[in-house]
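So, here's a batch of structures to check.
Shared chain: chain A. Partners: chain B in the first complex, chain C in the second.
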Partner chain A sequence: MSDTGSSEGTARLVVGPFNRVEGDLEVRLELAQGRVAAAFVSSPLFRGFERILEGRDPRDALVIAPRICGICSVSQSHAAALALAGVQGLVPTDNGRVATNLIVATENVADHLTHFHVFFMPDFARAFYAERPWFPRVEARFKAAQGSAVRKALETRTTLLHVLGLLAGRWPHTLAIQPGGVTRGADARDKVRLAATLGAVRRALEEGLFGAKLERVAELSAREELDRWRAAGPEGDFRLFLDIAADLDLGRLGRAYDRYLSYGAYPGAEMPLYARGIFTPDGAGAVDLSAIAEDHTHARMEHRTHPHHPFDGSTLPDVEDETGYSWCKAPRLHGLPFETGAVARQMVDGQPLIRDIVQSEGGSVLARVVARLVETARTLIAMERWVHELTPGAPWCAQGTLPSHGRAAGLTEAARGALGHWLRVENGRIAGYQIIAPTTWNFSPRDAAGMPGPLEAALVGAPVRQGETTPVAVQHIVRSFDPCMVCTVH
Partner chain B sequence: MLAPPEPAPFNVLWIQSGGCGGCTMSMLCAEAPDLATTLESANIRFLWHPTLSEETGAEAVALFEQVLDGTLRLDALCVEGAMLRGPKDTGRFHILAGTGVPTIEWVRRLAAVAETVVAVGTCAAYGGVTAAGANPTDACGLQYDGRREGGALGAAFRSRSGLPVINVAGCPTHPNWVTETLMLLAAGLLGADDLDVYRRPRFYADHLVHHGCPRNEYYEYKASAEKMSDLGCMMEHLGCLGTQAHADCNTRLWNGEGSCTRGGYACINCTAPEFEEPGHAFVETPKIAGFPVGLPTDMPKAWFVALSSLAKAATPERLRLNATSDHVVRPPAVRDIKRR
Partner chain C sequence: MAGLETFYEVMRRQGITRRSFLKYCSLTAAALGLGPEFVPQIAHAMETKPRTPVLWLHGLECTCCSESFIRSAHPLAKDVVLSMISLDYDDTLMASAGHQAEAILQEVMEKYKGNYILAVEGNPPLNEDGMYCIIGGKPFLDQLRMVAKDAKAVISWGSCASHGCVQAARPNPTRATPVHEVITDKPIIKVPGCPPIAEVMTGVITYMLTFDRMPELDRQGRPKMFYSQRIHDKCYRRPHFDAGQFVESFDDEGARKGYCLYKVGCKGPTTYNACSTVRWNEGTSFPIQAGHGCIGCSEDGFWDKGSWYARLTDLHGVGFGIESTADRVGLGAAAAVGGAVALHAAVSALKRAQHKHGNGSNGSSHTGDAA
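After this line comes the complex of A and B, so read on.
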């Protein structure tokens, strides 16, 4: 952290290490008139997973890629399995598809719970807010590592992850998801056990978080319903958050570009649970995968002359690069930054409440957090259905043969958004492996045109009080994206 | 009458570098009791943990400074993730945010004032997956570089307690490997003799993943799985190293009732240095003359060959059928226990 004044009443502030995000993060701020005038987001850790993967047997991606990230491990595994399935032309069995959905959804719901209770809410329990009327309640519930809701949420998350003990052996870092399905089948006893586990999670959320049935949360459809929930809704941490959000005007904090990308999540027999597409101020559209490219202008990476599609991408770190301020590349779609995450999934899918919030007052801290909570309810309801769909006796894993040459993209949705693996196989080995993770999109640096990444844009205008070294408004905005920094650079 | 003074808490500082954070994510799965209760009952206090603590930025750095100047006692420095020496020994592949100082340097400074140093996970212990392949960041462990002693702190390093770095290896670690190591340290019950040859706590490293594996009957008769989702033993074809891997995964279990082999896939020996470079595809067993190259721990080759051949000849039909199926197609016969 440093604080440097300058002659024009502007100041610079370097914020880090940023905790309660996954991995390490540094944010450099330029301040003017008590607000953020410009932000520069830096991912300070480089490990080089794309290079580590090169030259290996393609199947090794299922071991190596999940270890990019301990919080999105299953999503990384899923993207790798999809890329491997792509080069083989392999389609998972029905059981394999449904079990994979359960495995991926378990991680995503667990991550949403961790984010709200452990990463995001504790900032409102800081002494900074001691004068606010809601402070005593939030301090009792959400004081970092101690609050009653924090502890209860970790217990609920632990219970939920029993789904993975049963279906995937363990979490994180499982090999259960394969290109053709899953390695472990389930019988009728497993199904009732899974149902009991999900029932316990449903009960915990309906009692503590929502104070209401999941269905009621999933069906919320208009901004004004949130106001009614805040004024006279059931007691619970959701209502407490709405109270705080109204008091601090979180619906007008942290707006980025309102341009959203989702690869679509949880494939069904016909269509996914959450649709694939983009949503921009011009409306809904399709994702043109050929229009994705990564710009290295402000990343400490070689090959800066022009943006590269991930099939042609490279990862050659250049520490001497003075214009680079992050190890993160800048992914763009049609040359533009896009935001990804639960809010993007729900916008693209057309969840009416989230569309209403974003279209009436713009994307914001409020929109991102509410989208995550609504999605938690929607996903858990779907998981109960998927348990029912598992069919003991029917096959769990289709078998394929890896070709010596081929290329394919594996696209899935991690809790924090769109995740893609672009795999090239030559002579039976991995010739190229490029990854664009959700936080690569959200926390990208500027591109050749000087266009800031979504977080960099969202931070502009954030209030900074006199003497604040780690401004709370900045923390709310940063954490509203649920960043995963270890995925960002990988 | 005055109550006896509260004993001083066992202070832990947790630093993450070249890893995935998965060992922390796993640790949060501690249950019966949960993590917070487990730590409280052992009087263990996190001075700072990147996932759990309130303090961010300047507040966190101020806390590190208090540890360095001795204001705060540091009983255990826990490090998660590999140490990144590159590029060119500058450590600049990970500058700890907000400090301008490479994380490897922070770890060296903090290790010098710590009573004990704990490497959490295989990356921090030996380099792990972060050091795989071309090892683009020149990653290593705290006191090992793969199987060789050395690493970021050097072979001669001893913490203030006189112990070398304790390697709670695993990718990821089981929640209780970490909490039980910390509890043993807090209770003064973990000494040099309690560590194995790679300095892993023996309470879990003196076991093999093979112990308690539900596929043991298939192993005994060499009734092998041939493809993913088959029920048979995965040693012969699918790369399973459970008979060689030091860990108690199949007796301790993960996330309720899980383990890798219970999940239907190979044990890849993730508690071992250099597990990340097996020299072949992880899920394929290399063989010479039809026999796996890696033999079960402590088993002479001639005996393995003899026993396997005999076992294969004696494989019951039930196991032969079930081994290559994804569900039990023939259950064990029920015998009338009154008949002889």
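After this line comes the complex of A and C, so read on.
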């Protein structure tokens, strides 16, 4: 449903519902001189998981929290397990940690593949672009539900998810991740099957998506290399995307604040695969968890007087609230909005290509999409290593005892970015459970200072042609964040 | 209905070859428990029958059902079913956007009035006049009622639509309500599970589209062919249950030996579903095989029955208890045989359906008898 109205030179446009995003989303735009002057992002779906969790056996968070989302369920389950491990002071066994990394990485890579093939690229196969030189190729490869690349990607993803079948019993809504590790150890035969599965996925991506070895993509280090890849690189959908990006100038579309947050992904014996931290125009820094707070000024939630740290947070919907325009709260770090996701992880970790892109022309649709693809290659390479690290017969799950009182945060990285669960246990039951999901950061509404959330900022300046009711530029920017709306509000 | 494409024509248009089509027919026969002799009959039905449009709506949900569905066992089955339902309206996967999508929905509803199937993923929240799930500026409840009005049958995908699921757990902040409590004048088939198994979903929808009728349902409205047996009845760890060998904690000696998970909370003995036979992710595994108990996600109220990590205490209702004597376990086995009989009955019903359609020479004369 879209509608327009105008008064004194500015026009309003409501875009939504969006299909090919996970969950429901509506964006209200104010237009002036053919561009977006202001954007208001609304998450129109609320379920109240945080309330449902209160009063229950803390272990039940492992079953309830993943059901926030059928696409990021493993990440939700990992965050819940980490929070429970935190209150028990429990450290997962090495085997458990490595298996958990494989499980989480599988979902994240699967999500990146879905995003590129099913959610993002089909927009370029719309009739709107019929005159562009690259259109016939995009149409053949990416037309929704029919394109050859789309079918192939869904097959590859199904193959990849065998990893979750083997290690975790099923997907979606996996149950295997526990505070002390996993519920099942891999034996030697599993390792062979895992390696074969990852090998098949590697081949599929090297043939269709990249047209090159994963290592070559992972090691890209400068903006000019990307230009060379576009001009003379191997044939593949990556190159096709670079062609489109150059033609439509996606490197200058959808810039937000260039402030990035990552909790760090895939713990190692000493350090995680992707570092924890923040990266802002002032440079790299550490994450100060005590400086995270959620502001309810423009969320339809009670307790609007001041922002709350998630340990003191609440989720009490207020349907009478007229200033609120979303169920989504506005999380801020040091009072500022931060962007999260693959681009944030790669910025914080210092992947040279992504840093070069963002520091030379700003975070953009291009930066977000390239970061996801580079990360896909990097993560798959790490997964192959983790399969070797699994030790058949070694302990896979440490045991702990839940204290009757305690609190801890479970912080992990979902495909879409930083995910945190803040758990408080009192008298052996859950007394408080607050969740800040990646898209809560990215698609947050304005805060008390009127500061727009990252997507709201990214949309400003996007071109909207006369008569366009679902402006393509807006679609590209929204989807470049790979939103997960059911996680956003939960 | 004149001029409507047949399923086979739709598949051809999607680039599916004759060979693949026949392979699909045999897969379907196998999934529905039919012998190879039924393959030509299924093929014939699909070549002559006009396509039944399916409208797939999303309410308050997490999309796990769609996620499960799109990776069913055989990529071909998924392709075929997707082309069969043709994504007439599925807002997660569809190509068009915004009002275009709404226009397609309206168009299909008008053109196929009384002849389309409505598949619902998720459920409507009733508190605050439906404000917790707004789609295109209106409560999902309104959209659901509007589309259900002229549907010939409704499929409730998953536990949200069938029962409410965890979003309806105490205190049920939004009053999330299963579909059959708001749509009361249509035949409804429930396919519970969080999510349901992909092959169960494709099996149900294929059955309905191929034979133009509902599969045989149990008293709770679930298709008997997939929900007539307990996880426990066909669990490969069952011998350890009978022998009293249990896992006490994840990764203990019992876990290493693959003992029964009853004491770490397995709900297999009270859960009717096909996980232990069909399994997940192309038959790779299922939760119990990965060392975690069944959480009973296909059972009504599974979200408010006490901790998932506490052992079941209400086994008496199902015919045997944990301290069962051999006689009482024998009773349980008898119940399993009862399940097999029911399955046989379902297959017989299918055979009758086959005959009916095999005899009908004029596919275009079909009127919906899904009721």
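Here is the rule we go by: the second predicted complex is superposed on the first by the 484 of 490 C-alpha atoms of A that agree within 3 Å, B and C clash if a C-alpha of one lies under 4 Å from a C-alpha of the other, contacts with A are read in each partner's own complex, and residues count from 1 in each chain.
By definition in this document, a contact is a pair of C-beta atoms (placed from the backbone, for glycine too) under 8 Å apart; a residue touches a chain by one contact, two chains touch by 3 or more.
In this text, all values refer to a predicted model and were calculated from it rather than measured experimentally.
**Q** Determine, for the superposed arrangement built on chain A, whether chain B and chain C clash or fit.
**A** Aligned on chain A, chain B and chain C clash with each other.
**Q** Counting only touches as set out at the top, which of chain B and chain C does A:L25 meet: first, second, both, neither?
**A** first
**Q** With the two structures laid over each other on chain A, which partner does A:P392 touch: chain B (first), chain C (second), both, or neither?
**A** first
**Q** Of the two partner chains, chain B (first) and chain C (second), which one does A:R170 touch, if any: first, second, both, or neither?
**A** Both partners, chain B and chain C.
**Q** Thinking of the overlay built on chain A, is A:D187 touched by chain B (first), by chain C (second), by both, or by neither?
**A** A:D187: touches chain B, not chain C.
**Q** Looking at A:I71 after the superposition, I want to know if it touches chain B, chain C, both of them or none. Which is it: first, second, both, neither?
**A** both
**Q** For A:F40 in the superposed arrangement: first (chain B), second (chain C), both or neither?
**A** neither
**Q** For A:Y433, select first, second, both or neither according to whether it touches chain B, chain C, the two together, or no partner.
**A** neither
**Q** Could you point to the stretch of chain C, among 38-46, 308-316 or 344-352, that collides with chain B in the superposition?
**A** 308-316
**Q** Is there a shared patch on chain A that both chain B and chain C touch, and which residues make it up?
**A** 1, 14-20, 22-24, 26, 44-48, 51-52, 55-57, 59-60, 62-64, 67-71, 73, 118, 122, 125-126, 143-146, 151, 154-155, 157-158, 161-162, 164-173, 175-176, 178, 180-185, 317, 319, 327, 395-397, 399, 469-470, 475, 486
**Q** Taking the touch rule as given, give the residues of chain A at its contact with chain B in the complex, in rising order.
**A** Where chain A meets chain B, its residues are 1, 14-20, 22-26, 42, 44-48, 51-57, 59-60, 62-64, 67-71, 73, 114, 118-119, 122, 125-126, 143-146, 151, 154-155, 157-158, 161-162, 164-176, 178, 180-185, 187, 317, 319, 327, 392-393, 395-397, 399, 469-470, 475, 486.
**Q** If you look only at chain A, which of its residues touch chain C in the complex?
**A** Checking each residue of chain A against chain C gives 1-2, 14-24, 26, 44-49, 51-52, 55-57, 59-60, 62-64, 67-71, 73, 93, 118, 122, 125-126, 143-146, 151, 154-155, 157-158, 161-162, 164-173, 175-176, 178, 180-185, 317, 319, 327, 395-399, 469-470, 475, 486.
**Q** Touching chain A in the complex: which residues of chain B?
**A** 16-26, 28-31, 34-36, 46, 48-61, 84, 87, 90, 92-99, 103, 128-130, 132-137, 139, 171-172, 227-229, 249, 253-266, 268, 270, 276, 280-284, 326-327
**Q** Which bits of chain C are touching chain A when the two form their complex?
**A** 14, 58, 60-68, 70-71, 75, 78-79, 82, 87, 90-102, 125, 128, 131-137, 165-167, 169-174, 176, 194-195, 249-251, 255-256, 275, 279-282, 284-292, 295, 297, 303, 307-310
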